[in-house]
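Structure in structure tokens, see below.
Naming follows writing order (A, B, C, D and E), and every chain is counted from residue 1.
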């Protein structure tokens, strides 16, 4: 075989797609959820006859939640397994670390959850073979800041971020910019580190401040504990957040009574009555015995998304697939209709969801 | 004595060049592709890390759980310099700056903490590495939690050169009077001091040299994997290095090299068994540790009984 | 001026005063014994002399080149450089190192080449290493250990380990050699051999020796002078004949007069 | 002032959790000088066993606690027999690496069975909280945890100091061969130590599971390290030291978060640990023994 | 009472005991002498179960005890005062003695025996509450012997009890050994101080590099020219 090259082609009777996910290590939960969603989509597609008349053959590998292993896995997938596309990793850092390896081999790399603004573009412009199907951090942060100032009439906000998490920090940054541009003030910026369970110290500190809302962009594991502990301490102000809140576990951790006055931005609502969403939730429950969370849903969409691109490319050729990906228009995902822009980011609408006694309802829908 | 040394050196030199030439040839014909190159680089970095930790823990007897901290300093100082200076070969300056920064921090932290013994030193070094990581996490100039991207300057050749240099330099050190001074501290600190050895000084020296090469490894890591993030240098990374050192044998440089190769190979095979990867890895680790301890005496007895007895029979 | 002058040396551990107001002079070239009951503070005196413990009060002066150096408060390695070397009551060899390396380590403080020549094997490294090697080998030959230079110290028989410990101490080039119970665990025959060895060392190396020992056959035979400690205090000091007859010493330590040791 | 008191309560309750885990850590260390890295993972398994008992078997708190403690004790003995005993005479660092192996095995073995995502613990205690004085609240579970920790500490101290088994444990900890010569069954004593240590971890797991009501297979890693740090801070091997160290770390972290920046709370805890060790190299309650030469 | 038949002991590659056989009769003091590294300590450690012989047998009152665990052997009436004393330094004198009686449950009798130990070693009586590690060498040796007596042994194995002791104490220790023996405890004594050992023993064995080279009544051996030359410094 020749190194570098002109992309990979699947010539056999299957189409190989690589999955490079965090299946062990610190963020295995995100990686495994994404993988489960993708594999469910592939199963459905294969059951319906596959793509271009060929079955999809997923090649799943673990990167141990380490960026260097992620690089190594993608390199292995594109060079040894000759996959025509690599899905994942789930987190921005690891995903970024794989892009040069995929690009060198001219194979597209797509993540459904690497939200950092700069994963697909850097100062040299757009990265040719990198795509993502989730919101930019900036979009969520800005939307929520506007929601806070305009809908909730908040003027003073406290920001509480997960300091070890670039997603959390990314959202917080854009929230702060927009919120202050809207005339609001940030009373305090506090932080914690993921994997903690006790947030009483920082919440006690916040309790003593004068503010209207708390912006808490983080994942449901911590969010559940924080909201619960905050309500226990007697903080009843609104909590605002992002798509990391979307999980059936949130209500179990925080308890329904704590989940009032909570708003978050999301791709869709899992309580949506849209037939496609309902069908997905039901199929998922049947297959895995639990309710899907955001990573499952985004992964599931990613599975269909890549299949769609291959179909449109007309050939399982990685370069052509990349071209097809760039052309994506109004792809009907369950997490919202999306198109790919010139920066290889998705253009899709954002939904603001309110929790009342833990039950979701759509508060606002914002078009891009 | 000198002649023997020279003959040995010559052989080693030929070996070093031969390995390089063979790998280079395999790269040219495409047998060693990008993936194997990454594997080779990982092995080399692990060799640098484990050999340098071996100097601290294996030879000098100072139980350190903070090697990843020094690696982080090397990686970040080098990464930052490479990104900001942006000139040809600025990365070489970066490597040395990173290594020296790591060594300086090693000295700074080593002087007060090296009075501690055994597990207490281990926990202090662990704390030190965590402090380093937390500080980096909060420095926005190097990207904080979202990490730092660096142009890929290092290639397999560079990494190989530095690996060989590390092994040769550390071996030379160990086989000098300074190295023997370090080893004597491991053997019996009180006796060592009574024999006229400034034990504090040598502990700090060993710590500084170990940190220096950990810094080199960190720098190369940043230059090869072009993306660094604080959580890559956490506590588990220190543990991973320690595992290699103990597996290969405390105070055994060849052991560290072999263990680096072995573990990298095992974990590359295991990438394909995502669900059970760590379970298998853990089991392999436990079993190797037990066998390593157990079979040695049996093995020795076997040799005396079967082989030595045969000798007497002849 | 004596080689070693100890004035009012005291050491307490919490409530216990292990060494109390000890005064001691040792002339150059002497072979002096330090005896006393178990727990009298003999080893503690050695530990104070070698810097393992810091004295609670008192002074220790070593006078090697006509100018006395105050040793209290100095780190052990500095004291070794100043000219005192020792062996330990419980053998403390570098067990997992070779016999040769044990001795080479003790020569360390004479080595001049720095870290850079070590890393890059510069000529000074080769030259000095050769000197160290030759010096170590010579010492081992003297102690009849050269045949075992590549064996690990822990694999030597006990008697040879004791000898190696003395050889190692001598490698540090001391003016004053401290031996802590060199004959412990030896049978009378081995002890007799050791007695000769010690006398011979003194002549051959021109060192002053202070030794702790419970074996009176050895002490009375070779010591020119003896200090007796009890409860940390010097209760007697004199030539063997005087000590043997001293009532307090007999009561506290010897048990009965030793007439013909 | 209100805030200060509230933070103090927060600190003590967080610290009592560290202390609870540190007790088992320190006890095992005290006897066989092994940093049992797997301790945090037994704590995790304790939580999962409690979860199964309460959620799937519908048992109450007390029976679940007992089952969890017993199963953890058995597991502790098993781990010791299979993984540590063959290394009785090996270098301590080799046993440490094995302990790390065991820790990874438990973490990822559990993950392979239950998956990596968190599970939520059902509420067993009424979620009541008191307002001690105006604006200062305390949770019932917090009180439970603190009480349980204190009781267990006293109990452990009693076992080790006063009972026959405790004497055997102390003898084994100083000199195994000499202990054998006294007629002490060293293997059984070590098993007993592991059983108690692991049962404590099991208790901690279920209590903390209830308190924070979310559990996952990697939940033992950070508290495991923190508890280890706490044990060392207090003087490893010393039972009241584990308590003191645990509470100290909890209070330090809380006050650094509450009055400084929470970003540096772990760094501050480690920095204080290092400072304490520099002044007192064997921890707050540790005896500074210099080797007798 | 105690009989060892053809035992071999290896430490890894070292063949420490080569086909050793010896016998101790009830009521005797038997001493085992030999140079450093001859295997004296190894012999005692093998009897008390700390080291497993690779073959051969050890009989106590006709019962096979080789291969039995050390703690079981204590129960059968053998108690071992190890080389270097091996007292528990962080425990008090009292706790050390209590551990000596670890296997016994008869509280009242234990108390009596403890008083007896204090009678025999008055220093220990005065220092009940002192940490054993802070005792002087001689006191530690007495504690080790007192501790061994607490298990009411039929036979006591003593490993170099006079090592490192002041001359006064050496005499005292040997007197105590004779005394213990005269009260009915059989003794197997290992000593470097061969003069003293032979003077109190009934019979003696001489060990050389792992093999027994001589045996006989102690008085006779003490007179033997070979022995004098090799071990008695004469």
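Convention: contacts are C-beta pairs under 8 Å (C-beta built on N, C-alpha and C of every residue); 3 or more make two chains touch, one makes a residue touch a chain.
Since we're looking at a predicted model, the values are computed, not measured.
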Least step count from subunit B to subunit C, where 1 means the two chains touch: 1
Most distant chain from subunit C, judged by the mean position of its C-alpha atoms: A
Furthest chain, CA centroid comparison against subunit E: A
Euclidean distance of C-alpha centroids - subunit A vs subunit E, Å: 74
Chain centre separation (subunit C, subunit E; CA means) in Å: 32
Centroid distance [mean C-alpha coordinates] between subunit C and subunit A, Å: 73
Touching two or more other chains - residue numbers and ranges from subunit C: 52, 88-89, 92
Numbers and ranges of subunit D residues touching at least 2 other chains: 108, 111, 263, 266, 293
Shared-contact residues (touching 2 or more other chains) in subunit B: 137-138, 190, 275, 277-278
Residues of subunit B that touch subunit C when the two form their complex: 1-2, 169, 172-173, 176-181, 183-184, 187-188, 190-199, 205
Residue ranges of subunit E touching subunit C (in the complex, touch as defined): 33, 35-37, 134-139, 160, 163-171, 192-195, 229-234
Subunit C - residues contacting subunit B, complex: 50-52, 75-77, 80-81, 85-86, 88, 92-97, 101, 104-109, 111, 113, 115, 117-121, 125-126, 128-130, 132-133, 168-169, 171-172
Complex contacts: residues of subunit C adjacent to subunit E: 16, 36-39, 89, 157-159, 181, 184-192, 214, 216-217, 252-255, 258
Subunit D to subunit B touching residues, read off their complex: 35, 83, 86-87, 89-91, 93-98, 100-105, 107-109, 111-112, 225, 228-229, 232, 236, 263-264, 266-267, 270-271, 273-274, 277-278, 281-283, 291, 293
